[in-house]
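Naming follows writing order (A, B, C and D), and every chain is counted from residue 1.
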Amino acid sequence: MTDQTASPVPSSLTPEPAHPNPQGVRRVAVLTSGGDAPGMNAAIRAVVRTAASQGIEVVGVRRGFSGLHRGELQLLGPRDVANTIQRGGTILLTARSHTWRTPEGRTRGAQHLRDWNVDGLIVIGGDGSFHGAHYLQQEHGIPVIGVPGTIDNDLYGTDHTIGYFTAVETALDAVDKLRDTGASHERIFVIEVMGRHAGHIALDVAVAGGAEEVFIPEDAKDVSCVLDVVRQSVAKGKTGSIIIVAEGYPGGAQGVADAIQAGTGMETRVSILGHIQRGGSPVSSDRVLASRLGEAAVYALMEGRSDVMVGRQNHGITFIPLNDTWEKRKDVNRDLYRCAKTLSV
Amino acid sequence: MTDQTASPVPSSLTPEPAHPNPQGVRRVAVLTSGGDAPGMNAAIRAVVRTAASQGIEVVGVRRGFSGLHRGELQLLGPRDVANTIQRGGTILLTARSHTWRTPEGRTRGAQHLRDWNVDGLIVIGGDGSFHGAHYLQQEHGIPVIGVPGTIDNDLYGTDHTIGYFTAVETALDAVDKLRDTGASHERIFVIEVMGRHAGHIALDVAVAGGAEEVFIPEDAKDVSCVLDVVRQSVAKGKTGSIIIVAEGYPGGAQGVADAIQAGTGMETRVSILGHIQRGGSPVSSDRVLASRLGEAAVYALMEGRSDVMVGRQNHGITFIPLNDTWEKRKDVNRDLYRCAKTLSV
Amino acid sequence: MTDQTASPVPSSLTPEPAHPNPQGVRRVAVLTSGGDAPGMNAAIRAVVRTAASQGIEVVGVRRGFSGLHRGELQLLGPRDVANTIQRGGTILLTARSHTWRTPEGRTRGAQHLRDWNVDGLIVIGGDGSFHGAHYLQQEHGIPVIGVPGTIDNDLYGTDHTIGYFTAVETALDAVDKLRDTGASHERIFVIEVMGRHAGHIALDVAVAGGAEEVFIPEDAKDVSCVLDVVRQSVAKGKTGSIIIVAEGYPGGAQGVADAIQAGTGMETRVSILGHIQRGGSPVSSDRVLASRLGEAAVYALMEGRSDVMVGRQNHGITFIPLNDTWEKRKDVNRDLYRCAKTLSV
Amino acid sequence: MTDQTASPVPSSLTPEPAHPNPQGVRRVAVLTSGGDAPGMNAAIRAVVRTAASQGIEVVGVRRGFSGLHRGELQLLGPRDVANTIQRGGTILLTARSHTWRTPEGRTRGAQHLRDWNVDGLIVIGGDGSFHGAHYLQQEHGIPVIGVPGTIDNDLYGTDHTIGYFTAVETALDAVDKLRDTGASHERIFVIEVMGRHAGHIALDVAVAGGAEEVFIPEDAKDVSCVLDVVRQSVAKGKTGSIIIVAEGYPGGAQGVADAIQAGTGMETRVSILGHIQRGGSPVSSDRVLASRLGEAAVYALMEGRSDVMVGRQNHGITFIPLNDTWEKRKDVNRDLYRCAKTLSV
């Protein structure tokens, strides 16, 4: 994995007017880290092709910071990312790195980047991965740009994260299926969705899935309030109820289900959707977001930016200091939360 | 729910040459019972429309035998089943009936059928439901026809049961998603699929999902044989492994996962797919099977048959004594089982 | 269809603090008009349930303005919209109305609304439907609120229209399938997507689908520029190319394909995706948007607003004068257009 | 592409008891030819892994007979087919070969096979491809086995062909979407599906899609009979009708639509589903069929068979003389055809 031969980039493939490049960036590295998310491949592709359009080479790092530590680097050209835009997972793999937690580990990784003449590193992942990137900047002066790749959408500074839209769609598909069987049996389904400590996925799924109630970490309401909801549903003649619970809500779906069984004696099933929410072909919104952010990350390095995450707010690209992504918290959409309640009538 | 008014069936809607009807069947009832299965609505639709084409009325019973006990009967016409062929669940709902287990309960149900002038009952469900139907025939002489509706495909006498194809597709979709994330993280996923005490779903999903190993109730091999499989996969350079476990295999997916963790120390995740396998829009094979069997059930009653299940073997309709469906066991496809092993190289 | 009996709305179902209602709105009507769009049912549901939460009744009008002209009105309660959030199409049907183009026709419709004591009308559709609503306000003083429901996303004042996200997903799914077969055969596919006179769908599909080139009405570039793209793709070793053409681009997909065949002699296929883009179960983003806008429309009428469309810009609700929706034009996302070019390397 | 280095097959990877191999087959070739079909990759994978389990090497031929003519051969090992079971298209690509129609062209291809020490060739495709394979056997004595890979399911001797199930599902998905929009607008959709000169796809789609009428090449009924069907639908209060037309029916969907417009004046739309039916991730039934047949093809060569197609009838593997596949015709399922009519009431 030490092939440093330059893959020639024909000048005829630079259709774009040259983007400003005061630092003379000529080679960038990219890695994916943390939990994987659908759209990561689309982001890698966007990095590679944007760089190619600017005559810049890309080095792919396998297995996240773990692979960076071990020097698993390899040139990536446009043909290497052909037919990947629709693929789930990440072609660069990902890993949790224990060695990266030590200065020694990070020093080795930084050395590999220097050996490969890398001018900057793009890290696609969540805030844990951004910590890892931040160290490279702080301890070794290597320019780093973060690209938000996580299904949880819990990164401050960007409206959405790559993988979020697909995870919501996957969870919603499961809810639609459970609704069928819940209605037939007139039973209650309590469905747990991912999101780590945030309720973004839960909220979108609750509204889109027509749930009767939703429990998110951002609202500490007592689980017992689900009892009124369930009784009201029965009184209104509903056959089957759907309750959505974010994994970060204390007690999870099991806690809510137990409360329902204890408080009403009604037949209740728990469904923990689990890791299917991490996989699958990315939906269009994730592919488009990944394409915009991957492109923006390359331009950011060329412009001399560092220690920032490229995000998308409203429709524009933003640059958020990496530490803000974990020090600041992005609230759930409170209007949507209120809407969920209104429409569960 | 006591509307017994005849919904007129215009003679112009009998395009089919009249099917032999020596008993002069004029009205049949239909219910869905047990676990629901995608395609049940398509079967109900087929019953209603076939009957209409023969000038026969249909009475729908809500909530399975529980509703039959309570007299929840209502006429069903062709317009009542419009736009239902693609819907999951069952418009007649389903339920577990405790009252049906008593002769008194069954007597009440039989009386409702007689009050409604029902000449025969079609029961769409699994062998538990067929028991319920069998009683009606034995104790009250009411002609009954069973239609195999269960995702487990564990009914003797029919190659497939309604709902099976969709359940396999749903499970496979989950496996494809987990494969993405497993490959990215180089971890092992042990996935539990439904099937009650049978391995049909597990086997189809294992082959179609490219699994490294599959555990089914019909093969008592020791869970420890998965250790060799896992080690071989790693040796072959595979990133990520998929192991399929039928819910009826002793210990389930958790047992297999524990064995892997204990025996290899490798990162292993368990995914219990659960009730999503019961819902969703039925795939084409289930809609077609449901249409053939619903039609065949009406013709069977007209022909004077009773106490049989209509099944499809190879491409022809079969009539299997109801008691055979639970007394005899349908083996898994042994050729497919062997094939699964061969292709996991 | 003249049942004007009030369906009682129990006070216990008004969980929301009462929204300001200075006009004392007590009954609103809702209709869907124009081309149908996935999510229209979710919007109807949101209207009905928001109104119910505020103790307001809803009258559903069937078949758009055509039905309004004929007086096809009926009360709609929360149970009428149960299990509709995931359904494509519209339960209220839709139609093109010729009678609505005449003042006499509109006068009859207005009279029906007054006969039913309707305080305001919510129209879910595109700008053609908003014209129809505008007349009611201008000529008869009936408060009207527009809700943007069209797959084309060509309405000024809202970032997205209900149905847009699903149409993009449907078109993208087709592109993914054509990519498989194009790559196998090393042929070029020119795919035409909907959008009326706009390029929104085409642009999102082109980026998400990894297309080599996209033709939109908003850019009058000559079709011959596709020749360079195709030759470059071949030179780069790509097996198969995807070109996206918006239906509003002069000559459509056929024109582009003819140019390729004539200019390069390469095997080219045309695929006109057609009306499948109008149907299907709405994706989560359409269900959420429909829920927000349906809710907002009811509140708007309560607040005394009229002759406006409720839209969503960034994350907030906007109120756009109806005539602006057809007099002003919303441009495509120019950043995304540029990004599409960059990533086609 | 002339790497003939043997990729070692460790003896520990022969878990299967050795299959009888009287001819001492040691190396087989495989190619895909003709229209591509979802599941071809699963079949290639099955060939490679079955061969590996028996200590036999596999040579992949790119671009069908065209590539065989040019000598585009390369060894294929188990790792080369990793993660391909769910992929549409074919990793070996496919092509129409004009050179293969000449004895000289075929002689060159045969020579390449001998240069590579190939003991037999597996051809995955339709009857056109089987013609090509047949020549190799007849003119050069090279053992050939055909594997039925075509979405049309028009090969005699096998119940289904690889790709058929997925094509039906894709077409059905489009029908479901068109049904939504047809019902909303109360218009008639005439949908054309693939199938070349056969009506298999059309028939399954018509039953599963709840169509009012279906036109297949195997039944020369006059197009005017659709007029009665349409009028009946309207009389029965149906909103929207679906008519399925096989591409091989004279006049296609356009002809049927013209007849409806002319005979009833009702709003009718034509939808030609086209090449999306050739792509997409294969559904489980195609992956399982492909796995069984790919495995059977390798065993067939080992057993010394030649000039036959491996098929699956009922649940067993069959061996059909190649010329039978094009000389004999497989009828549509007449019971299903009749059932389609009955259920359109």
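Quick note on the criterion: a residue touches a chain if its C-beta (ideal position, glycine included) is under 8 Å from a C-beta of that chain, and two chains touch if they have at least 3 such contacts.
Owing to the predicted nature of the structure, the values given are computational and were not obtained by experimental measurement.
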> Fewest touch steps from chain B to chain C?
Replying inline: 2
> Which chains are shared contacts of chain B and chain D?
Replying inline: none
> Using CA atom averages as chain centres, what separation in Å is found between chain C and chain D?
Replying inline: 38
> At what distance in angstrom does the C-alpha mean of chain D lie from that of chain A?
Replying inline: 38
> In angstrom, rounded to a whole number, how far apart do the mean CA points of chain A and chain C lie?
Replying inline: 28
>> I need the residues of chain D touching at least two other chains; which ones are they?
In response: 176, 179, 183
> Which chain pairs here would you call touching?
Replying inline: A-B, A-C, B-D, C-D
> Which of the residues in chain B come into contact with chain D in the complex?
Replying inline: 12-13, 15-16, 45-46, 49-50, 52-53, 78-79, 82-83, 85-86, 159, 165, 168-169, 172, 176, 179, 183, 204-205, 207-210, 232, 236-238, 281, 283-285, 287-288, 291-292, 295, 314-315, 317, 333, 335-336, 338-339, 341-345
> Residues of chain B touching chain A in their complex?
Replying inline: 32, 36, 38, 40, 63, 87-90, 93-95, 170, 174, 176-181, 183-186, 189, 239, 269, 271-272, 274-276, 278-280
